[in-house]
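For reference, the structure is listed below as structure tokens.
Each chain carries a letter (A, B, C and D) given by its place in the written order, and its residues are counted from 1.
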Amino acid sequence: MIFAFDFIILLFLIPAAIIALQLKDLLAAAMVFGIYSFLMCLLWAEMGAVDVAFTEAAVGAGVSAVFMIATIFNTKRNSSD
Amino acid sequence: MIEHAPVLLMVVPLFAAVFCALLGLRWKVVCLPLTIIGLGGALYFTIIAFLQVSASPDHQISYFLGGWNASDFPRGVGIEYRVDLLNGMVLIVIAAVALLVAIFSKQFVPRETPGKEPQYYALFLLLAVGLMGMTITADAFNLYVLLEVSSLTSYALIAMGSRRASVAAFQYIIMGTIGASFYLLGVGYLYIKTGSLNMQGIHDTLIGEGLHDSPAVYVAFLLIFVGVWIKLAFFPLSAWLPNAYSRAPTATGCIIAPLMTKVSVYIMLRIMLTVFGPEYVYGELSWAGPMVWVAVVAIIAGSILALGQKDLRRMLTYLIIAEVGYMVGGAWLLAPGGMARGESLYSTATGLVGTGYHIISDAAMTLCLFLAVGAMIVKAGSSRIEDMKGLFRKCPVTMACFVVGALAMIGVPPTCGFFSKWYLISGAFEAGRWEFAAALLVSSLVNAVLFFRIIEFAYFGKLPEVDDAHGHHQHHDEGGMEENPPSMLVPLVLASVALIAIGLFNKEIAGYLSQFLNTVAMGGQG
Amino acid sequence: MEEFIHSRFNYWIYVILMMIGLWGMISKNNLIKKLIGMSIFQTAIILFYVSIAVKSETANIPILPHHGHDFSPKVALAHADSPYHEEDHGDHNGHHTHVETPKVPDPDGYANPLPHVLMLTAIVVGVATLGLALAITQKIYREYGTLEEDELLEKVRADDHD
Amino acid sequence: MKKLSGIIVLIVGLLLLYGVSDPDDFPSWGTPDSPANKSPVSQYFITDTIVDTEVPNMVTAVLADYRGYDTMFETVVIFVAGLGIFSVVRVFGHSGSGRVVTADTKPDMIITNTCRLLIPVIQLFALYVLAHGHSSPGGGFQGGVILGASFILVALAWDLDTALKRFSEKQAIICAGIGILIYAGFGLASVFLGEEFLNYGIIHRILPGVDSPEMARYYGMLGVEIGVMFTVASVMFLIYGLLATRGRMTGGL
């Protein structure tokens, strides 16, 4: 647990979350959401929750993003807001 | 084997569900028998568990999963199951309702979800497992996991319906996830203040450490309650319910409508009485005044919205919202003067017996009405109230059961609806909450208007000849009797018999409930 | 003041992320955006739980050093050394420090494992919910041809009047 | 509507801030003295896991043994998600409406050759994560997701049909069910041997070469983690297949 590291990742998380919600291109939003998940995973690893971080790396940054992209591919790529 | 009943009642339907999904890939015919066997086993074990509880000296039994019992290890190391008189009865209700709906679903599932019967029945069984697990568990986090099992199955079961159902299911997912997440967050606040996840452990720490005035505990209480209220569709948070329940496939509606909100009410009671304890809920917070008023608004709003509906199933869903108002309001009826130390809960919270009794009787009433309406819609070919004309001649047994359900809903004496209202109203009188008693009476009146209108249509309404020419092709032999098949009638008749039976045995059930309330108060003070 | 920020910062950020997620869930128009909001909301809760489990800067991850069989709390008293103690094989004095006296793992030397376990379950639940919600989204798109909530509700209302 | 949701979000946020901001009430971040960290339960997990179960990774031990029942239902949640998605989106036959997805059907040579090299390594790593989960981060769930991801990679690099030839839809559902049967089977085995559900300690009676309840717990955990891996890997692949092809299980992304 290193406070500076923690502090910086936490500050990065908020823009990542807002950008993921604000991008009109859903594919890009899904990718930014993947980045958000990966930052989260780094943060948890830093806090000593290695198992949680490992799972989030596999699930949040990997599989969920793939699921989202599969759905976006099959529906529509742009959103109105 | 008998002492394992609390866990076997979940494991038997779980295995049935998995086998249903696996064998169903090859042989679709085995699914329904497997479902009935699984739920029958569950019903058997719930009854065994309840008999064990009522025979045990302190009226509760604990089962420690994995053998991490509280005597050799700190409490809360493993997961504990605890059955007492209240959740013993709720468990029996869940298993029985699920079993009846499974029998009833024989006609509907192949027609409404063609080609997916194995998955449907597997999800159906897992829904029952999730609901029973939520009821039986004594671990706050285990409750969350099982809540998600039951929620995910119900999202999927609802979304399998018509095209309109998928939109309702999506809204339900959003609301349900907010509710479950709030619950989880509340448990987190409790965990950081108490360090325990076991319900009794949390309660003991809250009292032992004197945490009643802690802001974090207050926030935890608010979060958990808002989460549970979303789940049980308490009035301002109920917008998702009517669409989700009325657009679902018939069998789904029949199991979700009687059980989901009732189990959520049970969970609210469990959290009030076991996790936070009556000392906190009734003593520290002074919410009884506003809460009863909100419940009154919920009852009136549900009844008025029901009056405006033209669709029969949709009308019933609004009545569910009103009934939820009964139960939530009943839980907050307090004797004037509030909670005195050392006094038993039975004499303080006067509405609790009514709430507990209403959980059981409302599950039975809603089951009976949804089954009857499902059967009526098959015969009438539509769910609009006007199309119910002449149904009495066509299917008298179905309609007789519908009338029994309607009488129970109105609150006519031999049925359980009368007694639950009786307990609630007498609780309101003892608490001096006249507005609640008045709301109950108004809602009974509205129910009477609603149901007599339908019965009138069905009994006196004649099928006009022109309807035949206009494509209502089901009606061509008017006057002839074409009763529904036995797979629909048997559960329906059993459900309506249960309504009267629960009414006749009201003394016993209320006796168990008051015994339960006495144990809670003693545990709380000690 | 710095101490105050230091000790609360994680919780503040969790509240902000939670608000962003909730806002995305209830006010975004696009269904997939709502689901992204839902995932942010759920990860914020996980962040909260993981923050509960953190102990001071010396605390280790909740995995015992690999000569774990030497631990035996039934025999010995709490051991004051750092949790890394066991791995100092070739330390400066040239002799091995492990074995001989069985020791108890120091409770303050490791992060609290319980919230981690709970959150593993919560992550799984989150991905299951997300998958199911995406499936329902696809079904909605198949039936109505749109993923925008306002257009969808209009079409639904038109359906209801038929 | 927008304003209303903004107000709701603000209220919730302020409520949560109120909960965490009182320095006397809410323990500060990283303190070992918070009630959660000082509670006998979590201290017990740290000090006694190794004695009870011989597993150095406390998270694995708590996940698969102390709170193994939660994990069983976590596996059930995954199974429910698989079945639910199947029942919501699956369409049978080729009559599905809408555009026929024709991505560039010829798989790219560079990608397929790279995947040929990568996939065995990924699968081996998945098994390592599973088997080594007792003494390092990892376990059945993580291993299962990685294994499922390797199948998804096959489907992405070639196409779904190629992947389905190796691991068909039916096989995926069957494997998912078998995973739960393995998990609950360990539980039932301990019931039949006369102990509580999921009390693995007792299975040393029937496991050859295991003489102490502690080691039986160790191997019992390994067994249930294998069950978790079965379910998770196959359901992840199934979900991907269903979502990528809008339920047709052919062609697709």
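Everything below uses one rule, namely that a residue touches a chain if its C-beta (ideal position, glycine included) is under 8 Å from a C-beta of that chain, and two chains touch if they have at least 3 such contacts.
Everything numeric here is computed off the predicted structure, so don't read it as measured data.
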>> Strictly by the touch rule at the top, which chains does chain B share as contacts with chain D?
In response: C
> Which chain maximises the distance between its CA centroid and that of chain D?
Replying inline: B
>> When I count C-beta pairs in contact, which pair ends up with more: A-D or B-C?
In response: B-C
> If you average the CA atoms of chain A and of chain D, how many Å lie between those two points?
Replying inline: 19
> Per the centroid of Cα atoms for each chain, what is the distance between chain B and chain C, given in Å?
Replying inline: 32
>> On a C-alpha centroid basis, what's the spacing between chain A and chain C, in Å?
In response: 13
> In whole angstrom, what separates the CA-based centres of chain A and chain B?
Replying inline: 38
> Touching two or more other chains, which residues of chain B qualify?
Replying inline: 141, 145, 148, 152, 155-156, 159, 166, 185, 191-192, 197
> Residues of chain C touching 2+ other chains?
Replying inline: 6, 9-10, 16, 22-23, 26, 51-54, 56-57, 59, 61-63, 114-116, 118, 120-121, 124-125, 127-129, 131-132, 134-139
>> Touching at least two other chains at once: which residues of chain A meet that condition?
In response: 1, 50-51, 55, 59, 63, 67, 70-71, 74
>> Under the stated touch criterion, can you name all the chain pairs that qualify?
In response: A-C, A-D, B-C, B-D, C-D
>> Give the list of chain A residues in touch with chain C in this complex.
In response: 1-3, 6-7, 10-11, 13-14, 17-18, 20-21, 26, 29-30, 33, 36-37, 40, 43-44, 47-52, 55-56, 59-60, 63-64, 67-68, 70-72, 74-76, 79-81
> In the complex formed with chain A, which residues of chain D make contact?
Replying inline: 30, 57, 59-60, 63, 101, 129, 137-139, 141-142, 145-146, 148-149, 152, 236, 239-240, 243-246, 253
> For chain D, which residues are in contact with chain C within the complex?
Replying inline: 1-2, 5-6, 8-10, 12-13, 16-17, 20-21, 23, 26, 28-32, 34, 36-37, 41-43, 45-51, 54, 56-59, 62-63, 67, 70-71, 74, 77-78, 80-81, 84-85, 88-89, 97-98, 135-137, 141, 239, 242-243, 246-247
>> So in the complex, the part of chain B that touches chain D is made up of which residues?
In response: 1, 4, 7-8, 11, 14-15, 18-19, 21-22, 25, 63-68, 73-79, 113, 115-116, 119-120, 122-123, 126, 129, 133, 141-142, 145-146, 148-149, 152-153, 155-156, 159-160, 166, 185, 189, 191-197, 201, 205, 209, 214-216, 218-220, 222-223
> Inside the complex, what are the residues of chain B that reach chain C?
Replying inline: 141, 144-145, 148, 152, 155-156, 159, 163-164, 166-167, 169-170, 173-174, 177-178, 181, 184-185, 188, 191-192, 197
